[in-house]
Every structure is written in structure tokens, then in C-alpha cells.
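Next up: some structures, all given as C-alpha cells.
Each of the next two complexes has chain A plus one other chain: chain B in the first, chain C in the second.
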Partner chain A sequence: MNEYEVVIVGAGPAGLSAAIECAKAGAKVLVIDENNQPGGQLFKQIHKFFGSKEHKAGIRGIHIGEQLLKETEELSIEVWLDSEVCGMDQDKSIWITKQKEKSHCIQAKKIIIASGATENSIPFEGWTLPGVMGAGAAQTMMNCHRVLPGKRIMMIGSGNVGVIVSYQLLQAGAEVVGILEAAPVLGGYGVHTAKVRRAGVPFYTGYTVKQALGKEHVEAAEIVKLDSNWNTVQGSERIVEVDTICLAVGLTPLIELAWLSGCQFTYLDKMGGHVPIHNKYMETTVKGIYVAGDVSGIEEASTAMEEGRLAGISAAWSLGYYDNEKADMLINEEWRRLNLLRCGQFGLKRKMSKDEILIKWEEMQDANFKNNRSPFDGGTQAVNGISQSK
Partner chain B sequence: MEELKLSTAFPKANDYQRGPIPIIECTEEIPCNPCETVCPKGAIKVGNPITNQPTIDFSQCTGCGTCIAKCPGLAIYILHLNYNEKEALITFPFEYLPLPQKGQTISLVNRLGESVCVGRVVKVINHDLYDHTALISATFSKEHYENVVSMKRLDKE
Partner chain C sequence: MSKIICRCEEITEDEIIEAIASGASTVNEIKKFSRANMGLCQGRTCRKAIERILSKETGQKLENIKPSSYRKPVRPIKLGLMK
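So, the complex of A and B:
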């Protein structure tokens, strides 16, 4: 059986950043991704990112991806593509299928799950017609495969994803006939909405899609107004001719592997659903299994990279590649950078949810301590301190 | 518009008399500060935390335009109200192809994408440093200075 010190699931911004930190510290790392290209969501993001200079702000997502790949290569990090992680357990043995043909089993000392998220959908009549798709799917089609998903597009959802993908559809030459938002106010950053608005795209707040019409393909969308209780307003239906309906209605963390390996969860609406409980080192309730990026709560690529680094540093530390002093310094620095990104009217909400996860972790440690059971596997150095003094 | 006028970086009436000034339409607390870090004159301040809204000291600004292309929100343009007696000059970021040509007549739009007036392109900068964010400068009749922010996209040839 192949043995690795650290196995990382997912080669997105979180996974690659984690791999780079582990390899820099000297650990033997393997990164696994089911895609045929590393980079996760980054290679679809052709727009310039927010943040500060140290978070590579003002640089397009795709170029940030290239920088990460370059570093990955320079550190000779092993990456398996077209390889899906199908299972793992608490003992950290991992089952992988390569190119959908070969089955592999490997053993890891530490695992970092950076599997990202999956797009949400909403059901409505006609939603199985070709032409109804996720906004992320539309983005993959045009930015990775250079195929325009449609000519006249209706976008459902005005969060950053909906608005950014709308902008990119315009850039690719499609017409966006409208962006629907069920809530009374728009979700995305004002500067993003302003960008598509001055391109002439109308926003419909308090609207949703009732059905997709068409024989073999979407030919029109019926939209309807919602009242303050989210009920449809009779007689407010309108039919809009479109050939594509894009859904940008949120993301859900891809947590199956964390479930399989026995991690404990908490439900946080703002983080996209069930998220693995983790401590400030990104370690889950299963000792030696870490999470980073969207899988630990939906945020952004910039935070995913910082969390990836944090998980990578922590894993390298627990393998003995850093002494406590050095690890402390690096980890505090990561937290400083993360906190920079988690402030302001949007970031603060995310910070509060993230804090709830950390509090949950503390509560569980306390509960285990009081019950006089040995703390479940999942202690960190600090927590181990408690168990030793017991 | 009212919200914009109250925002921290929006020019007051007399600021327009200074010559070319950057107008920053960034009114939310987002974690972002490239406008501050790229300005060679230190005219734009975001400070700490980086979710502060930007402020600008018009007296420091040379109108170089670097901040326009670096802003990921495409939220900055430069307006020269008194470009000549009758016309103002706007320089805005543009990320759609085809790009307009120097001398071309284009339709300038307001914040809702509605045509406001015609403009004449006097300069197009598509510098490598700006990474595919082109800067378009166009002249237009002064009276529309509060409304013009960008241009209508051109049809693909």
C-alpha cells in the first residue's frame, strides 16, 4: 500500500495552497482531483479579485490559479488528476478510482479535505428541459470550453455568482434579459451589480421563475412576483422569451467524505448547510483530518487559500516539521490575514458563522471533558494539553 | 445617486473645477483596497480595516488612471468637466470586445445602461499592465456630466 504523509482531496485554491504549505515544510504530499485540470473553480474566474495586495487583489482568478500551479510544480508536488476519492475512514486509508478504471488504496498520516461545494438548484415546472443549468455550469462552458451556453439568458439569483456570471455572459456576447431575485434586495456587491446594470441588464427583485416553457429546449421563462410572505402574486405572471435559464441560488459544501470518515457536523444556514466542526487549526473532530475552503463553509477563493495554508501549516506542524514557536507564528499570521477578509458588512456575517463553528468545537471538548470520557480523537496540541492534565 | 453623493469619495461641486478627477463609486464595506495600493501618489486611502470605503484627496491626484484599471469592481472613472468650453472628457474601464477606435462616435450611457448622448473617442489604452481592462476616453457635451458613466457595447463585427 502506498503511504503518504499528507493526502489532499481537491486541487482547488484551498487544496493547492494546503499542498504548497505542506511541501514547503518538507512533508510528502499527494493531491487528488477528479477533474482533468487542477485549479478547482479558479480557472473559470476570469474577473479581477477583491482583497488586498497580499491576497492578490486586482488579479484575475485565472492568473492566481496559474501562480498556484507554478508553485506546485516548483515544489514537485505529486498531483493525480482524473482521480476520484470514493471513500476514506477514521484510520485515514483512502479509496480512489483512477480514470474511472483502476481502483487504488492509499494510506495517509493526515488528510486535508478541500473538496469545495456543489451548486444548489430550485425545482420548477420544466426545469429538466435542456437550457436550464447552474450558473457555474454556464461559466464552465464558456470560460473553460469556449462554448456559449445560450443567446438570450435569464439569470435566477443576484448574489455575486449570479451577477459575475451574467457579466461574463455579456462579455462572451450573449444577451442577459434579466436577473431575478426572490428577496426584496439584491445580494451581490454593489460594484458588481452596478457593472451589469450600466450594461443595460434589468434586475427584478421580488420575482422568481414559475416555469420553463419549450418543446425540446427552453424557449421562454414564465416569471412571477412574490409578496412579502414569499407567496406568488396571482396575475403577476409574465412570459419572457429566453433560450437559457441559469440558476445561481447558492452553494452547498461537498461534505460526503467528511461524513464517511466520522466527522461531526453543525448546521449553519449562512455557511451553506451542514459543515464539519473544526478548530482554529482547521482540524475536524477526527484527529488528523482537516478541512479547508468551501467544504468548511461557503466563502470565497481568497479565504479558501488562507484556510488551505492554515490547514497545511497545522498538518505539517503535527507531523513535527515545525516546532511550536514557529507554528504559532505562522498560524497567527494566517489568522491575521483571514480576519482581514472577514470584516465589513458582508465579511462580518461570515466571521460570526465561522466563530460559531469554533465555539461548537470548544463546547464539544468541554462536554467530553465533563463526561469524563477520553476526549474524542480530534484534539489539537492545545487540546491534548487538557487531556494530559486530566 | 443621492447615496453616491453622500459616499466618502464622491466629489463636491467645486472639485469638478480642479481638472481631471477620479470618481469612485464604491459605497459598500467590501474587503478591497487595490485602489489605495496602486496609486503612485497615495491620493486614495482605504486604511485599516480594508473594508473601509475609499476616500480621495483630489489635490494629490495627477489623473494618471492607474486606479481605474486595477479596481476589480470597475468602480472608478475619471471625469474632466472643463476639457474644453463645451465638452467634458470621461475615461472609463471597458472589458467588452470589440473595442472602439480612436475617432469613433459612440453612444454613452448612464448607470442603468440607457443612452444619454453621443461621445467621440479620443483615446483607447489597452496596456499589458492593465490586463485586458481597456481605458476608453471620450468627449461629450458637458451638460450630461452627472449621468455619463460608460458606453453602449458595440456589435460584434
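So, the complex of A and C:
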């Protein structure tokens, strides 16, 4: 059985950042990804990133991806592509299938789960017709595979994914006939929202899609107004001719592997649903299993990269590659950078949810202490970041 | 016809409501009763929709609804690879 010090599941922004930190510290790392190229969602993100300069603001996602790949290569990090993790256990054994043809079993000392998220869907009449798809899927079709998903598009959801993908659909030559938002207010960043609005795309707040109409393919969408209790308003239906309905209605953390390995969870609606409880080192309730990026709560690629680094540094530290003083310094620096990203109108809300996860972790530590049970499995690191058993 | 919720197994909203009316009180029970959530995608698409229906029908809060269990292999693979 192959043995690695750190195995990272997912070669997206979080996974690659984690791998780079582990390799820099000197650990033997393996990164596994199901896709045929690394980079996760970065390579379809042709828009410029937000934040400050130190968070690569103003740089397009694809170029950030290229940078991460270059570093990964320079550090000679082993990456398995077309490889699916089918299972993992609390003892950190991992079952992988390569090219859907061969099973492998490997043993890790530390695992960092950076599996990302899946797109949400909302079921409505006709949603199984060809032409109804996730907005992220449409983005992959157009930006990675150069296929335009449709000519006349209805976007459901006005969050960042909805407005960014709408704009890119326009750039690619499609017509976006409207962006629907069930809530009374729009959900995306002002910059992206205004750009789409300036291009002439109408927004419909308080509207949702009632059904997709068509025989073999979407031919029209019936939309309907919602009242303040989210009930449909009778008689407000209207039919809009479209060939594609894109759903940008949020993401769900892809938690299956964390679940299999016995991590404990908490439910946070704002983080996308059930998320693995973790501490400020990104370690879950299973000692030696870390999470980073969207799987630990839906945020953005920029925060995913910082969380990846944080998890990478923590894993390297627990393997003895850093002394406590050095680790403390690096971890505090990562937290400074993370806090910079989690501020402002949108960021602060995410910070509050992320803080809830950390509070949950501490509550569990307390509860385990009070109940006088055996020490909680994942709790050997002192929460103040000073001491750690090896 | 009632709308399809689980695309892989083609299970409709009515069938899920029927499962709940027949006594299924968790997503796992709905799954075993109706096969919803049991197909190729293992609920990656319909999981949340089923949780919402269960919440609406029984009055349980979404945060108290336990997701249906995840099992190995979490990806669809050939039987020959399971050894």
C-alpha cells in the first residue's frame, strides 16, 4: 500500500494551495482530482477577482489557476488526475479509482478534504427537459469547452454566480432575457450586477420560475410573482420564450467523504447546509482530517485559497515540519488574510457563519470535558494555538 | 402528473409525499420506501429538495433533518472495481 504524509482530495484553489504549503514545508504530498486537469473552477473564471492586491484582486481566475499550477510543478507535487476518491475511513485509508479502470488503496497520515461543492437545483414542472441546467454547468460548457449552452437564456438567481455567468453568456453571444430573483432584493456584488444591468438585461425581483415548457427541449419559461411569504401570486404568471433556463440558486458543500470518515457536522443555512465542524486550524472532529474551501462552508475562491494554505500549514505543523513558534506565526498571518476577505457587507455575514462553526467546535470540546468522556478525538490541539501533541 | 424530484429514479413529488404519509419520517426512510435518492447521483441533485418536502410535510425544521447516509463508493463505479 502506498503511503503519503498528506493526501489532498481536490485540486481546486483550496486543494492546490494546501498542497503547495505542505510541499514547501517538506511533506510528501499527493493531490487527487476527478477531472482531467487540475485547477477546479478557476479555469472557467474569466472574470477579475475582488479583494485587495495581496489576495490577487484584479487578476482573472484562469491566471490565478495557472500560477497555482506553476507552483505545484516547481515543487514537484504528485497529482493524480481522472482519479475519484470512492471512500475513506477514520484510519485515513483512502480508496481511489483511476480512469474508472483500476482501484487503488493508499494510506495517509493526514488528509485534507478540499472537495468543493455541488450546484443546487430547484425542481419545477419541466425541469428535467434538456435546456435546464446549472449556471455553473453553463459556465463550464462555454468557458472550458467553448460550447454556447443556448441562444435565449433565463437566469434564475441574482447572486454572484447568476450575474457573472449572465455577463459571460452575453460576451459569448447569447441573449439573456432576464434574471429572476425570488427575494425582494438582488444578491450579487454591485459591480457585477451593474455591469449586466448596463448591458440591458432586466432583473425581476420577487419572481421565480413556475415551469419549463417544451416538447423535446425548453421552448419557454413560465414565471410567476411571489408575495412576501414566498407564495405564488395567482394571475401574475407570464410566459417568456427561451431555449435555456440556468439555475444559479446556491451551492451545497460536498461533504460525503467527511461524512464517511466520521466527522461531526453542524447545519448552517448561510454556509450551504451541513458543514463539518472544524477548528481554527481547519481540523475536523476526526484528528488528522482537515477541510478547506467550499466543503467547509460556501465562500469564494479567494477564501478557499487562504483556507487551503491554513490547512496545509496546520497539517505540516502536526507532522513536525514546523516548530510551534513558526507555525503560530504562519497561522496568525493566514488568519489576518482571511479576516481581510471576510469583511464588508457580504464578507461579514460569511465571517459570522464561519465563527459559528468555530464556536460549535469549542462547545463540543467543553461538552466532552464536562461529560468526563474520553478526550474528544480531534481535540488534542490546544485551541489557543500554542501546544500540540505529536 | 406530479413533478419529478429524483431524476435518476424518476420519483415524483407525490410519491415522496405518499412515502411520508405512509410513515417515512427521515430522508433515509423516504429513500428506502420510494428509491428517491438511491440512483446514479446518490442524491447529489435531489437531496435538498427531498429534505424540503419532508420539512414541509412534517413541520420539522430543515436544520433538524438528518441527511440520508453516505456510503462507499461515493461515485458510480464498475462492480469489478469493488474488491
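Going forward, the second predicted complex is superposed on the first by the 381 of 390 C-alpha atoms of A that agree within 3 Å, B and C clash if a C-alpha of one lies under 4 Å from a C-alpha of the other, contacts with A are read in each partner's own complex, and residues count from 1 in each chain.
One rule holds for everything that comes next: contacts are C-beta pairs under 8 Å (C-beta built on N, C-alpha and C of every residue); 3 or more make two chains touch, one makes a residue touch a chain.
The structure displayed is predicted, hence computed values, not measured ones.
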In the overlaid three-chain picture, which partner chain does A:K215 touch, first (chain B) or second (chain C), both, or neither? neither
A:R60 in the overlay: touching chain B, chain C, both, or neither? Say first, second, both or neither. first
Touch test for A:K370: chain B only (first), chain C only (second), both, or neither? neither
I'd like to know which partner A:H47 touches here: chain B for first, chain C for second, both or neither. first
Once chain A of both complexes is superposed, is A:G344 in touch with chain B (first), chain C (second), both, or neither? first
Per the contact definition in the header, classify A:R146: touching chain B only (first), chain C only (second), both, or neither. neither
With both complexes superposed on chain A, which partner does A:V201 reach: first (chain B), second (chain C), both or neither? first
In their shared complex, at which residues does chain B touch chain A? 25-34, 37-38, 49-51, 70-75, 95-97, 109-114, 131-133, 149-150, 152-153, 156
Using the touch definition up top, name the residues of chain C that touch chain A in the complex. 3-5, 7, 13, 42, 44-49, 62-64, 67, 69-75, 77-78, 81-83
Complex contacts: residues of chain A adjacent to chain B: 47-53, 57-60, 63, 170-171, 173, 189-192, 194-195, 197-201, 302, 340-347
Of all residues in chain A, those that touch chain C in their complex: 34, 84-87, 95, 97, 100-103, 118, 120-128, 252, 255-257, 259-260, 267, 269, 273-274
